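Let me begin by handing over the structure; questions about it come next.
Lettered A, B and C in written order, each chain numbered from 1.
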Amino acid sequence: MNEVLLRANDLSRRFGGLVAVDGVSLALARGEIHAVIGPNGAGKSTLVNLLSGELAASSGTIHLREIDVTRWSADRIARGGVARTFQHTNVFPAFSAFENCRLAAQAHAGGVPGLWRNAHRYPAWSAAALAALAATALAARAEVAASTLSHGEQRALEIAMALAGAPSVLLLDEPLAGMGPEDVAGVVGLVRGLRERHAILLIEHDMDAVFALADRLTVMANGRVIASGTAQAIRENAEVQEVYLGAAGELAS
Amino acid sequence: MLIQILNSVQYGLLLFLVASGLTLIFGIMGVINLAHGSFYMIGAYMAFALAESLGSLWLALPVGIVLAAALGLIIEWLLISRLYRRDHLHQVLLTFGLILVFEELRSIALGDDVHSVPIPALLSASLPLTDTLSYPVYRLFISGVCIALAAAMYWTLQKTRLGARIRAAASNPEMAQSLGLDIRWIHALVFATGVALAALAGMIAAPVSSVFPGMGNQVLIVCFVIVVIGGIGSLRGALVAALLIGFCDTFGKVLFPEFAGIAVYLLMAGVLLFRPAGLFGRA
Amino acid sequence: MSTRRRIVLLGGALVLLALFPLLAEKFYLQLVTRIMVLSIFTLSLDLLVGYTGMVSLGHAAYFGIAAYVLALVAPADVGANVWLTLPVALLASALAALVIGSLVVRTAGVYFIMVTLAFAQMIYYFFHDTRVAGGSDGIYVNVRPQTFIPGIDLGDDLHFYYVALMLMVGVFALLATLLRSPFGRALQGIKANERRMRSLGFATLRYKLAAFVIAGTLAGLAGYLAAAREGYVNPEMLAWHQSGTVLMMLILGGMGTLVGAVLGTFAYVLLQEVFSDITRHWQLLMGTFIIVAVLVFPQGLAGLAQQWRRRRARLEDASGE
């Protein structure tokens, strides 16, 4: 059994009367891509926000390896090796692609930040940034301001920033949103390549991509998990087909 | 003791009247208006000038309110309307410039002296409370006006269609606009109302607190503290905070006169430690 | 603008400032000294507002605290020891910034503006209402601090001018270095997108607090120099009017650039002199100017220069075809 890196147990989040996430449990193991699917409003993005520490859970626990990180802030969890991408592109528009990634690498430096030396003269960070850009095929665009990158390139930059910090867990929130077919193929290949060394959570609506990548699938609706298991098992699950796959008219066998 | 309590309540209610405009303008229009205190000052000076020329405060009040509302509409149309899409920094600066302009215009028109405004004869009596104590009727009048206006604000916002439109414009301007609401008009109305409220507060306060150049700035800072403690955009928060500050300030002056000015800020610091978004604010 | 061109321009300005005393008469010497001291104040605010995105409306508090420390510890008839009093004054400002900073750094946006203003007012009332430091009358600093370095006599306006110039350049260079460092880059990231910085793993509150304290300390340096130069300290140095004015100087020059902070200070003070000559009610002109400036050139002078350069570049492109 693969090493479980991030585990959520009976996680819930309430907003006043609304229960956005209701008793969700899942485990992310190294070498596995765990996809979470469900209709809009199912609570998937809230789940990512809970796992990344941006939102505090109303009840339940989150464990990073053996440590209870339920009460940890977003920056502390990120430093613990959990990186996320955002559904709506959330890069630094005025900075170059390189600087975006370099900052991501710098975040994991630890200790007191340097006050004197030019930040570009820290070889470890520059190397990590360039490697992340290379992995996402953005090496040629390193010096370009992020705001002038194409949409597909910006989505790729999101992933590059997540990689630059050398995380062990990746939370990918709809990485393919708004992408054209060629870009999609590129990102799918990229994510597949990342599987071996990371534990990956993938939120996506593109069912082709999901079934091409996922090892495990969790299906959510109305904040609850309605099915969870291997990709194959979920595909054949009648209830899931009715709620989500069938209703959407997607995917034949 | 009873006198102090009544004074605290009256002061708090008056502060609420001014602060309500500030928090509404910010809550509904997203504009931080440093010149809000200036409108209070303008109200007080208007009370002085109009009461002298018209003969009584009673006549001065309606005239002053109309003038203030008109001023509010003009300022909104000319300047504030250009600030909606701008960041807070520019709003702060532009309204800071407005403060300078208002101060100097007042200085040119009415001078820099301190003035007093006589209490209207009808309200100048004192109401006996106990054998030895009595309380000025005028102060009760001030409290009464503030309570009446607070109730009117609550009723308008919660129970009328106009209020519903205003609240819709506040929570989701684009949606409200696409549904046919005239945002521009609502903004102008809210701003003019806020200005009129501040000016009215200045006018009715004038007989008890005297009219002096720095009064606008002084009340502005307190209003900021009220809005911070109460939570931006929350009228209920503003009321609670204003009353809290009324007590804090009044009793502070009695108990530790030299440090009374600081007491209010310590209160704010305390609230911030536990609730960075204010007592009733949405973070 | 290329780095080379920028260095040449800055160097030229420096030379101009260095030679200025040889040409100028006493009044202008004192005026430019005052401007340079204020520039340090504006530069300190630039770190906070222009680079970290924290709009403080209470920065004058740290300016005034250091000024008051000097006034309170200065002997009545002889110059204070600058090597003892300056560090103490800076420490006072830094501590105040640390205490207030820890309370306000959790807030953001409008709240932050309002609480920084309110806390500065608290300090203002402390100095204004109590007799601890002369109340609204203020205190005099009869003799300027001594450096005990032969040849540098702060009592001499010319010497003071050059000391102020060196310190201004020093603060400028310090901030330039700081902003290129990992710490400085993180601050700029926080201004650009604080949420993203947190999700990357930066403990943004600590960075913001550090920026607040550094800015407060540098403001203290300006306050100490101002007190030494004027020879007089009063609560108005802490008033929110002062905080608003320094913010205006920053915007006028163009925040987000260090040069802009200095330019804005020069422009503002010179404008103030011009307006004061025209009328006693110069604030009316200044207020109107501020309003117009915000509406018409919100990027400040530095922004105007940028726009002008871009337009020239576009014209050159067009004519080149």
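Rule of thumb we're sticking to: a contact is a pair of C-beta atoms (placed from the backbone, for glycine too) under 8 Å apart; a residue touches a chain by one contact, two chains touch by 3 or more.
Worth saying up front: this structure is predicted, and the values here are computed from it rather than measured.
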Identify the chain whose mean C-alpha position lies nearest to the mean of all protein C-alpha atoms shown.
-> C
Per the contact rule at the top, check every chain pair and give me the one with the most C-beta pairs in contact.
-> B-C
In angstrom, rounded to a whole number, how far apart do the mean CA points of subunit A and subunit B lie?
-> 48
Where subunit A and subunit C are represented by their mean Cα positions, the distance between them in whole Å = 43
Cα centroid separation, subunit B vs subunit C, in Å, comes to 32
Subunit C residues within the subunit B interface of the complex = 49, 55, 57, 103-104, 106-107, 109-111, 113-115, 117-119, 121-122, 125-126, 129-130, 240-241, 244, 247-248, 251, 281, 283-284, 286-291, 293-295, 298
Footprint of subunit C on subunit A - complex, ascending | 52, 54, 73-76, 78-79, 84, 86, 90-95, 99, 103-104, 106-109, 113-120, 122, 161, 165
Sort out for me which residues of subunit B touch subunit C in the complex.
-> 26, 32, 34, 79, 82, 86, 88-90, 92-94, 96-101, 103-105, 107-108, 217, 221, 224-225, 227-228, 232, 258-259, 261-262, 265-266, 268-269, 272-273, 276-278
In their complex, what parts of subunit C are in touch with subunit A?
-> 177-178, 180-186, 189, 192-193, 195-204, 207
